[in-house]
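Order as written gives the chain letters A, B, C and D; numbering starts at 1 within each chain.
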């Protein structure tokens, strides 16, 4: 069953989230004006599945059941499937100009799928079968799943078990015959309040003493003991104001939540890892590779909107054909496409796991993400350059609509005569939203820290490189090892 | 008479500004919570003049009267004086972490001073004497002056007189025996609502047909016909909320205003240019050189706060000594100091105008500013890298103070155990304010567009370079011209 | 028939080139020590075809005859085939650490193949059939083909027909019943002296007046009227000295030749374009796309050797584990892999021409190449950083072998005790060769100018982008066009 | 006595150097064609002292004797004097387009001067008086001095006394009543073969066990036990060929020598440090600050030639006014001037040592140098971009002069018709020399490693920054410490 966007929203209404926003418990959060744009962004993943022209991208036949499911709940069956993933993400980035949140779940599902398979192979456990069952349920109900990996971490210099407060990483506090009880918190949780379930995963390599921290499982977002605290967003309360201009991106937005897990019970059939410390890092790295790939899809898509907005502003200002403007727009395209090229490459170069689904190429996925930690910032800088200072000095929409001063603004903030001032207003606030405002975290900070910070990618790139082979090549050319005889 | 910060604020209360903010006319704008931080930032320029340890930097003896005046109202008497200017600006950047707004006036005063002198030399006019009188009045009353240069410009591809709407650049609409009437608008006006007077200047090179647009003069900010419309700032309404954390920089902020001049009358003794089209570009370029120098002072000062905040966050997270963190912090310092080095160099290498005050070196001031259009963005990017994703996902202060969920936040958002969560909160929101929020325009967009966009600097750098000399050097070394005989 | 490397060399001996080097006509150029390394580099493309482990990459079944042919003479039959191309190129870059020269022919063959097809479709000509016959001959004899596109151009501001000297672009000077006579010169011709034939193509968009310049054809490299003048290479005469260390890359090297065509006759069956000005730019752009893709293969391969050499030097100096060294090596890998990712992406995203062979994706091939104009320079800079100053201050091999002073060098230029000084010597000279010396043009200048200079890529990137679509996305999000209704 | 360039050369003829080049002992090295350009470059420092228009820059009155001396042998008496130093260096860079070598001595003299003063203060030694006497002798005879700091270092991970071979750092092997005997080697020694004496200094921080390595002294370059081995330079043997084009910079060049000190005796009156391990790092850092300042002078000067050459090539190619060319030239200027601005700033901001001479500002000198490790590389890259591929594919001068093929080259390698092909040839080879060839190490590698590698600057920048002050600023703004009350 593929839900429509509308059905998805209705399904959210049935959740009983314990959600706080700006110091208050929110009851009807789906219709809360601050939260709604983020719901819309997720809803777009449901909508696309029903668009005839995008159906092939947005849906697939389940590897588990053969039934048609949403791509976000599917396993990657081939490298082409990985490519379709980044294409779909680019399309969604273009349609929402923000984070549409559902990738974390998709990437988590695939990472847990293959890791549980290998745990079971080693330990004779039954995690993989449990996970398949859970996934079938998710697919059949077309649920929205969020992946929950990042712990709050406390002192970054210490392991989970070494922290002053043992709860700085999610861990098992009780093992019972019917399940386990977990405690801790997950930070920066993308889209949790828009999800039906969260798929909990450990966040780093574990050592013997960290056994209780090696825990993977699934819980409903409205399970008992779960508290969600909505992260503040830049300019968030503009959504509470009249008008639709100042927010920049009125319809769509990202969402990050602090998730508190205060002794949440998880029945065994939803536990997918429990103490297998040697598989913790495998799960982390597989998830990371998927998610670093993902940014090779969504960020170029968001970038497309920024490039379009910026070139439109150049039109509105009458400078679109100036050589330096064309050069800078060309540079923006170049950077966005470099990211996408990396996203495509790591997809095409994917590999089959023992469990049968496909992983993105680890080295190239990390290369992709490392570029993502740099280029969107330069894109924003160039957008700011071309858009002009009005980006941060334009008066409010209320001023623009004001009976006395509105006419001044209308007169004086006009660019080329044929474009209404309001259009210029709207384009400026969109660029503002993407570089400073509501969706800037989707394009900047998430590019930096989502799926791991740049240093994490540097380390993986070093590790995934066969340096000994490169040194051997050099030694041969240099004549330290025997030189190759071309004629032999 | 040097006003104290308090006297300055009282003086502002006496102004009758026609000021709009978020769609409403503001009466007591000095105490308006959205505007007050920007008043505070200007007030700091008054405060420093009374601090014994900074008096030498913040005040000087007037070239006109010999009396002690605030540096912001003084003429630059030497290259050392130019150096003191950038040192004062760095200090103020460190103390406010934002734009303190008064430099535009200082730079405008100096540019008009020398340009009027040269106009009079050529045309036998009396602008310079008028300007001296006005400046004495400003100095004696320790007024805050804003420089008003940037017109709204309409179609950037057209000259003032070619625009569909003739008012897209400020121009003289009537010449009378007692003065002139001007019309138009000035955009992105820094600190106008915190100033007693504005010094109006033309914004670009003028041609014969643009005669009416070559106009310079001074008017009170509350003159009849003047309307000020406050620019929206990122996260501006956070200042209306309870608490002092979420705004990041609670005390200080920048200010940009759209100034409407709807047939404002200016008596002749306040008119400093009127139709001398051949001097328009001189005034623009002199002002620009000063203001591009200025950024070699304030931006490193603001950068110091960002660097301090970022390294503190690294401490709080327990990663301060990690090699990659130290490397990135070192890079931040390097970039900030490179800007300051350029600011110092263009000051030390200044030159004396015919009128007797000093100009910053044009080439190096442009080089300084071009670096400013790049490095603060990289500083923000690195700050975001080190600060972590919490920068944009941290819940509101209200959540932190909440009786039910506050304890979760306090527990889970702690970094190293010895630092209270609140301190981490405060440092994160400060970095947020500087890279996304209230003072981000002071550090990012103003760095890009203030004193002219990067392309303007590129053009000036090209023009200020003696390329023929460089080519001659190359021809000699290459042996196209005769090679130098070392033994000759 | 697939020649072995040895047979290839023998076949070169049979050519009667009119070749000049350092002011002298060279008779046995195959064994000339300056030229030989470049022959070896091409020979490697023959050798690989006989290596069982690389055969699948280095050979393919001809689309024309079904027979096994060398990949460098084959048409690209699929996107996977394009991918194999860049993999083969990376392997060859790793094996030679320089330009192996044969790609220009491969790329030219494919561009002419599809363009002639479309010319014939429009004009009813028979170029395509002629070209197929010629290509069969090439494949059957496993010839080495060079593509000859870049004219000497004279004043870059003028079209071919506007030049003071009409010969600044290759053009038809006579049309006869049996063929045409051409005149002009092709500059920077890679590997011409190592090739049996050259495939001549026009170099830019032609207009009506340039009709005679729209000429494509094939001629033997030793045809009457052809003169080849060998370009000077950095440190070229080191190859004439005793010893094998100072050259850095003893075995392999690139080759660039100035080709003079002084009234060379071409029979009609070797003429593939003659006056079809409207197809000139198609041929140029198709060739360019292929060749910009190529650099996504060879340059990362050469980069692998540089990275290997640099990390080896770090080992030899005892600093391999220092954090800043690891960071820089990680950066080198990242940049090399970003290029390769772009090379892979534009291959996977290729498209089928009307003639049936495959083109690389134009946009991504240009993105790939634009990165190539930047990253190898940074790789060289980082290599220089890590290798240390000895790179340019090390004494000659003769000094090292000297009976009196050799022992000093051996003693004092040792790094870590367990590595012989000679190994350090060799690694340093290899890095020197790649960043300053014999093969530096292969890695630096060719990266910049090969397949067109960066500005050419910027222009293509702009042209290949659907900016109107991006603007539409922005207008919808901004609410200028109707906003998308997610629930619809 | 100020020697003329001619007298300087004659004085060199009187030295009895034990010098090896390309495996042979060189007797008349002054006239050796490979070495002569480097002599010329130093001679330029003598010539300028006699040019009326440059005398004020190139000479000064000795702080020791009051007599006029060459600036390169003088103590820095003021910050203005430091500024004159970088201006003189820029001028010399412009006149030679390479390293003129004499700065190492000047910087060493000043560092030893102030350090010996402080050693004496602490230990009651008499180094400073000895050094003054020696310096008077140097000034009076207008000698050329080279500073000798960099040891060969062996395993970079080990201290001097920990090396497998105790000679990897210069050290005292015998202490006698009349002096000391030293052994070891100094690498990358700039201009030693063109100097009369070398001033030996330790190269890093010493610990107790390294006592014998803390040695400073002066020895003649032709002292017994000294062997000089000339470093290979890129394209060095082109200087042995006929013609003057291919070398690019025919007149001038740098020089780096490996200096072997095989038990060299130094009388006590020339020993300036002997075992004072706690002053080793002071000497190193003072020298380093001076020398990092120096690059803010010479490198922009060399850059001026490169910029001039590059813009000339654009003229010759007919593309000088193209927007992208102007933009790139503007960028080149911008980068060169940023370096110079840093060089000026650290000079103006210098400080007086206890001994009375002046030091450049340490922080800014390091900032200057760190930019130098980056920007010249980008300048070379941009020069290569604009110059075109011919840079590395142009045939030799011999081909150009050849009776048969010379006319082809003359015809086909012409750019715009009004410029002779030979001029284009010469400009190309000059750019080649600066980016690949003979003087590339002067502009690239020396920029990287001279005065210490980039990591050394990063460390100093970190150390010279008052991070606690910056953190305090941030804590105050953030409200962690008490916020500033503006009205107080």
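We take it that a contact is a pair of C-beta atoms (placed from the backbone, for glycine too) under 8 Å apart; a residue touches a chain by one contact, two chains touch by 3 or more.
Just so you know, these numbers come straight off a predicted model, no measurement behind them.
Engineer: So which chain is farthest from chain B, going by the mean of the CA atoms in each chain?
Structural biologist: Between chain B and every other chain, the largest centroid distance is to C.
Engineer: Go ahead and note the Å separation of the Cα centroids belonging to chain A and chain C.
Structural biologist: 39
Engineer: Measuring from the mean C-alpha position of chain A to the mean C-alpha position of chain D, what distance in angstrom results?
Structural biologist: Centre separation, chain A to chain D: 51 Å.
Engineer: From the mean C-alpha coordinate of chain C to that of chain D, what's the distance rounded to whole Å?
Structural biologist: 38
Engineer: Send over the residues of chain A in touch with two or more other chains.
Structural biologist: 324, 327, 458
Engineer: Taking the touch definition from the header, please name the shape of the chain graph: line, ring, star, complete or other.
Structural biologist: Per interface graph, the chains form a complete graph.
Engineer: Chain C touches which residues of chain D in the complex?
Structural biologist: For this pair, the touching residues of chain D are 20-24, 150, 152, 154-158, 164-165, 167-168, 184-185, 187-188, 227, 229-235, 237-238, 246, 256-258, 260, 262, 317-319, 324, 373-374, 377-378, 380-381, 384-385, 388-396, 398-399, 401-402, 405, 408-409, 411-417, 432, 436-437, 440-441, 444-446, 448-450, 453-455, 458.
Engineer: Name, in rising order, each residue of chain C that touches chain B in their complex.
Structural biologist: Residues 323-324, 327 of chain C touch chain B in their complex.
Engineer: Please output the residues of chain B touching chain D within their complex, sorted ascending.
Structural biologist: Those residues of chain B that touch chain D are 5-6, 9, 40, 43-44, 47, 83, 94-97, 244-245, 248-252, 304-309, 311-312, 315, 326-327, 329-331, 333-334, 337-338, 340-342, 344-346, 348-349, 363-364, 367-368, 370-371, 423, 426-427, 429-430, 458-459, 461-462, 465, 467, 469-475, 477-480, 483-484, 486-487.
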